[in-house]
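Just below sit the structures, each encoded as structure tokens.
The same chain A turns up in both complexes below, where it pairs with chain B and then with chain C.
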Partner chain A sequence: MSSSATMPQPVSLGRRVKRFMADRPLVPLIILLVILVVILQILRPGIVNERWLANTVKFAIPLAILAGCQTMTMLTGGIDLSVGTVATMSAFIMATQIVSQDPAVAFLLAMMPAILIGLINGIGVGVFRVHPLIMTLGTSLIGTGCLQVYQRTVIASGAKIPDFLNWLGTGLTYGFPNALLLFVPLAVLIVFTLRRTGFGRLLYAVGDNERAARLSGVRYWQVITALYVISSLLAGITGLLYIGLIKAPSLSLAEPLVLPSVAAAVIGGTSIFGGRGGYTGTIIGALILTVLTTLLTILQMPEGARRILFGLIVLFVTAAYLRIVEER
Partner chain B sequence: MTTNPLLDATGVAKNYGAVAALRNASLSVLPGEVHALMGANGAGKSTLVNILTGAIHADAGRVLIRGETRDIRSPAAARRAGLLPVYQEPSLIPDLDVLSNLRLTGTPVEPFRAWVRELGIPDLDLRDTARDIPLAVLRVLDLARALAVEPDVLLLDEMTAALPANLAEKVLEVVRRQGDSGRSVIFISHRFVEISALCDRATVLRDGETVGVVDIVPGVEEKIVELMLGARIVKTQMTARPAGQAASTAASRPRLSVRNLRVGTKLNDVSFDLANGEVVGVVALEGQGQDELFAALAGSIRPSGGTIEVDGQGVKFTHPSDAIRAGIAYVPGDRTEALAMQRSVHENIALPFSAALRKWGPIRVHKERTVVASAIARLQIDTRAQGEVQRLSGGNQQKVTIARWIAANARTILCFDPTRGIDVGTKQEIYKLLRELAGLDKSVLFYTSELEEVQRVCDRVIVIFGGQVVDIFPVEEADEPALMRAAYGLPRGVTVDVGIMADPTSHPSQTPEAAP
Partner chain C sequence: MTRFFRNQGWVAGLFALFVLLFVLTKLIQPGYGSGDFGSLVRAVLPYAFAVAAQTVVVIAGGIDLSVAAMMALTSVTAASMMNGASEEYALFVVPFVLAMGLVLGALNGILIVVTRVPDIVVTLATLFVLQGAALLVLGAPGGAAADWLKASIVGTLPIPGLPDSIDAWVPKALVLLVVCLCIIWIPLRRSKLGLSIYAIGSSELAAFRSGVPVARTRIIAYALSGLFAAMGGLTLTMSTGIGAPIPGPYLLASVAAVVLGGVALGGGKGGLLGPIVAVFVLRLVRTDLTLLAIDPNVTAIIEGAIMVAVVMFGAFITIRGRPAGAMP
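Let's look at the complex of A and B:
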């Protein structure tokens, strides 16, 4: 146990900077983001403009929402690997049902698998104590399988992207992406939930010390079940947003976002062991990853080299960030 | 005693940071002797055993085996030197069958088989996986495994705990014969009956020091108790506190009424009442069932029998939240069990507020802050490092665990050894607080491993031994010697010459009813 907090002692500048960073973990993240943007501008002068900003934000938003799912589940020491499948399912069902159904009905149908998978995840993890990694990986595979079966039944009727999702996914209003209309309230809601509601407090408590939470009267399965349902719902909404952005329904639509969403939460300072982290860091983490992807794309390297570099940078950034923020 | 000791340890010391677990312990065991090692909780028995068996290293001291200095650096080295321990926890690897476990330690199979039969288990299948074997049998197998390699000195730590009577009898018989055949046994036990029946001499530890070596003769148990207590006998007489008034006017219904409570094999038949505004102490040696009693009352484990009544209403707890709803709060002895270490003082205290499903919504920040602040003020928690509970001192952490239930306004508080490992000043504050709570008509059940605390805090004290209530004292009579005797299962008021040493068949756990 460190006594540094209770005993004032002369500290060097280095330690003071470290302390400052530790108290405000967002600062080093924002600095990193700015550095990346500056590098981009140096490599390709003039690329950073209004259009580029809007585009970056547009692509960062679905990642940020999925990373929100990871943040909340990781706070309890869990993870949700089924978000990609859930997002893909709701997007695919929306695009195929809208052909024949009323938009509201199509929307409800699209959200059904999200609720179902969330419920199964929650009960599996909360009641039967299956490890979240295995549980959500399992439901993710099952979901993908179901989607393949479903695809055969609708293959004749075709698919289309509803105009509204099109507008939400790609449209701009006064230069601002319309997706912000969805994302800003959602982000505020998540941050508020984590900081100022009983449910948010329980997420941290369960992740920090499940036994202590139990002794305080917390019923673990209730918290976990609610958590995974919420996570799945967010993933479903992300799927609808993402189909409006990508405009091509496929069976692996949102799958490439899953691991980056975990990375965004980790870069944002959420501990995969639970009890530590928050959503604001995650949002910046998602922005960092999106800018990084652009950066690597304009370097015109072969795909393989790009991936290697991406992985290395994510590892390095996370390790460095933890070293800065954790005071040990 | 002209024979040379087989094992001779002198001046053994071990420090953990600033805490001295052993200061100056010595132990000398003669060939063919069964030697008891005794001491109250925390006297240093386990530390000494761990040093002798190479599990930890001593900071100072000398260990002679057959007159030669041996530096026992590892359990394997102890084994080569002829020292073999059998610990309280079974040591077979659960996922391997018995035969593989034997191979792992290079134990000869035939002698092992012979010993197992000898110890009263005729039908053991060596292909059985250790996980599927009942605990009592596992302990016997551990013993047989140790006996099979014919050690010069066998160390038995609470060997008969958790053994059914028939197995325990066999074990004692085998241990006695071990002594007759010229080998030595170090026998650690809380049970005078066994020690009197088995042992030749006893070494008594107190506060990490060997304070005496006595021959086991009838009536020596008084002397042993005296040695274990040391100078404290004189000291505590004057700190006796008159019993609280609330307890004596217990005409009303008791807050908590426990009848014939049983939990597994550890707790059998515990009955007592806890009145409004009363502090009842619980005194017991380690592992006598007190953990199970508290866990059952807190809703953490389900009792296997008996009833619990709260304010006259029968209750069945399936989860701690049930107990909390009935106004019962549990403060565990281990603070790391009760606190979310990375969260703030405020959040830790307010944690029970959000537990119920209907409290999951927005937190009423202002109202909550007032309640928490008053609890913090009440306990005078040093909140300079309130950002994360793990930065607080142990005493302040303990205060947080109690403050939580004061903020939640729990009516019954179960405190399990709340003063373990905290500084003297905070201990005093906690005593004061518990009395204040009683003054506010709250009820407290207070287990403590430090006997002198009983008279400072409690109105009554119940003593548990072997999973049963063996005595209930009014506080005036609960001085340390009396409690110590009772905790070892010695009946109250029995004089030296009719002590159970004289008659090993008498049962130490009759329950004398306490006068109300």
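Let's look at the complex of A and C:
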């Protein structure tokens, strides 16, 4: 995005900037984030303060975790569109089961659909080789249907948000959102897994050149199944966090996060074709999108325009990314 | 030659399945008659056009994820234009909406050709964009449809020289579907353009080397897909009398019917008849489940599971059927 600003400059510098961007994708992203915050401050002087910062971080965290699911699946050349449904399911089940069950039991029950959907996704993609997009779309449809059936069985018992999730989702400690307690270890774990462990390397290997990975003895279906189960589990945890933030269990709770989560991963420099990218960029991508959403709300942009913009961002960034990679 | 038999055999088998399901329906509900068949065809209409839209693109070796969103956009456009307008005005609305579908579909194709981003990513982005545009046109379900449009799919078409008992089995909706599809498909199939579409789906490189204008053909295939989707959107408005900005479950249904209809997801194989019969089969299954007094939400789950299973089966066949060494 910031490359358009450098266009008028001499070619050699432009190419150098491009090279620099390809090598260090984080720098232009952070610059973009700062620019957005400055624009926000100019439009509404005084809006950028401690409370706003905490709020932004609070809303960016669920998005960042879901975008983590997209990052990991996209590294293998896939995508996980069922994260919204999985997060909604676990949140809804948690909120309704906590009424009658022990918190630990309710938690386990809430995680069941996540594991199940992840497993089906993984088998469908890894063993049957269905395109991940179609597969996860299908399981999310099935999941929504199951949730509707489930809703009718618990309609009488009501729902409540556990205090702990409330604290985790909305609470502040010394001005820092409590959700960071969950997010920071999680983010460190994801970054560490992707960079330093064998599983992380396998994800890159499978996404970069699946055939080569297979020929060198990687069991493709095992990697993919594990990946989609992890992705679903993360989505389930996000659901619990998100219900503490939104405080209103509904059947379409996390659905609006799906599209931004894909956009966040793409903005963060993860290639939708697999093999390239990382989680740190995604986190900044999620922050950028959250600030952008605030900006669009202040400008009173309707929901439709927001979706159009997100779609265009995905297309534009992917096309630009393709150009950068081709030139090297 | 054997392939010809195998393809026709597949369609014949599907048709036999349809007849079998029909007999089953008659057994479950002895009163199931021509009137119910009419409403089945009306329910099939939007699905059939969605499937037609998907089929053209899949034969050309691509996939169009924006089918359902395109239908939503064209439907709300038609509904909001006809709202409070005169009956004659609809005569202008119909061609306008069809042209809109054609142009937007062509835009999909142009974006794929120009940006060289894979079709699945481009149409995912346009899915978001079209969805947003639909929300901008109409924030909530509403609008209206001209009475003659609504009447054009209700009831039966009297054919002179046929007894009423047979006539009752020729609903107007079926005539509309057959006419619309044949007007476009038969000339296309017999033209050089149709052959080119099959050629680029079968092997892009071979098609290019034999002088097929690959880029132009691909754009035309997507434009036709947009046209079919616009027809689907119009039938949605015609059958409900309003337009809804939220896309229905047509994307997954279209992919499932394409696979069930014997069109290989890799492209270059199959026809339009198979997927259309397949969509009738899928709808009739739903009717049967409803007649068996199964909870509609459970029906949705079963339907989703069937579609996922079909897609998985199709993908499995594709990997099994691919000759060794023919990896793309």
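Observations
Criterion: the second predicted complex is superposed on the first by the 286 of 328 C-alpha atoms of A that agree within 3 Å, B and C clash if a C-alpha of one lies under 4 Å from a C-alpha of the other, contacts with A are read in each partner's own complex, and residues count from 1 in each chain.
To be clear about the criterion, a residue touches a chain if its C-beta (ideal position, glycine included) is under 8 Å from a C-beta of that chain, and two chains touch if they have at least 3 such contacts.
A quick note: this is a predicted structure, and the numbers were derived from the prediction, not measured.
By the touch criterion defined above, A:Val191 lies against neither chain B nor chain C after alignment on the C-alpha atoms of chain A. Contact with chain C, but none with chain B, is seen for A:Arg129 once the two complexes are overlaid on the shared chain.
Of the two partner chains placed by the overlay, only chain B lies in contact with A:Ala212; chain C stays clear of it. In the superposition on chain A, A:Leu181 contacts neither chain B nor chain C. Residue contacts after overlaying the shared chain place A:Val154 against neither chain B nor chain C.
When the two complexes are superposed, the chain touching more residues of chain A, out of chain B and chain C, is C.
Comparing the two complexes, residues 211 of chain A contact chain B in one case and chain C in the other.
For chain A in complex with chain C, the touching residues are 120, 124, 128-131, 133-135, 137-139, 141-142, 144-146, 148-149, 152, 211, 259, 262, 272-273, 302-312, 314-315, 318-319, 322. Of all the residues in chain A, the ones that touch chain B in their complex are 1-6, 192, 196-199, 201-202, 204-205, 208-209, 211-219, 222, 226, 275-276.
Chain C meets chain A in the complex at residues 63, 65, 111, 115-118, 120-122, 124-129, 131-137, 139, 245, 249, 251-252, 255, 265, 295, 297-298, 300-301, 304-305, 307-308, 311-313, 315-316, 318-319, 327.
Touching chain A in their complex are the following residues of chain B: 298, 300, 319-321, 324-325, 330, 332, 336-343, 347, 350-357, 359-363, 365, 382, 384-385, 387, 390-393, 404.
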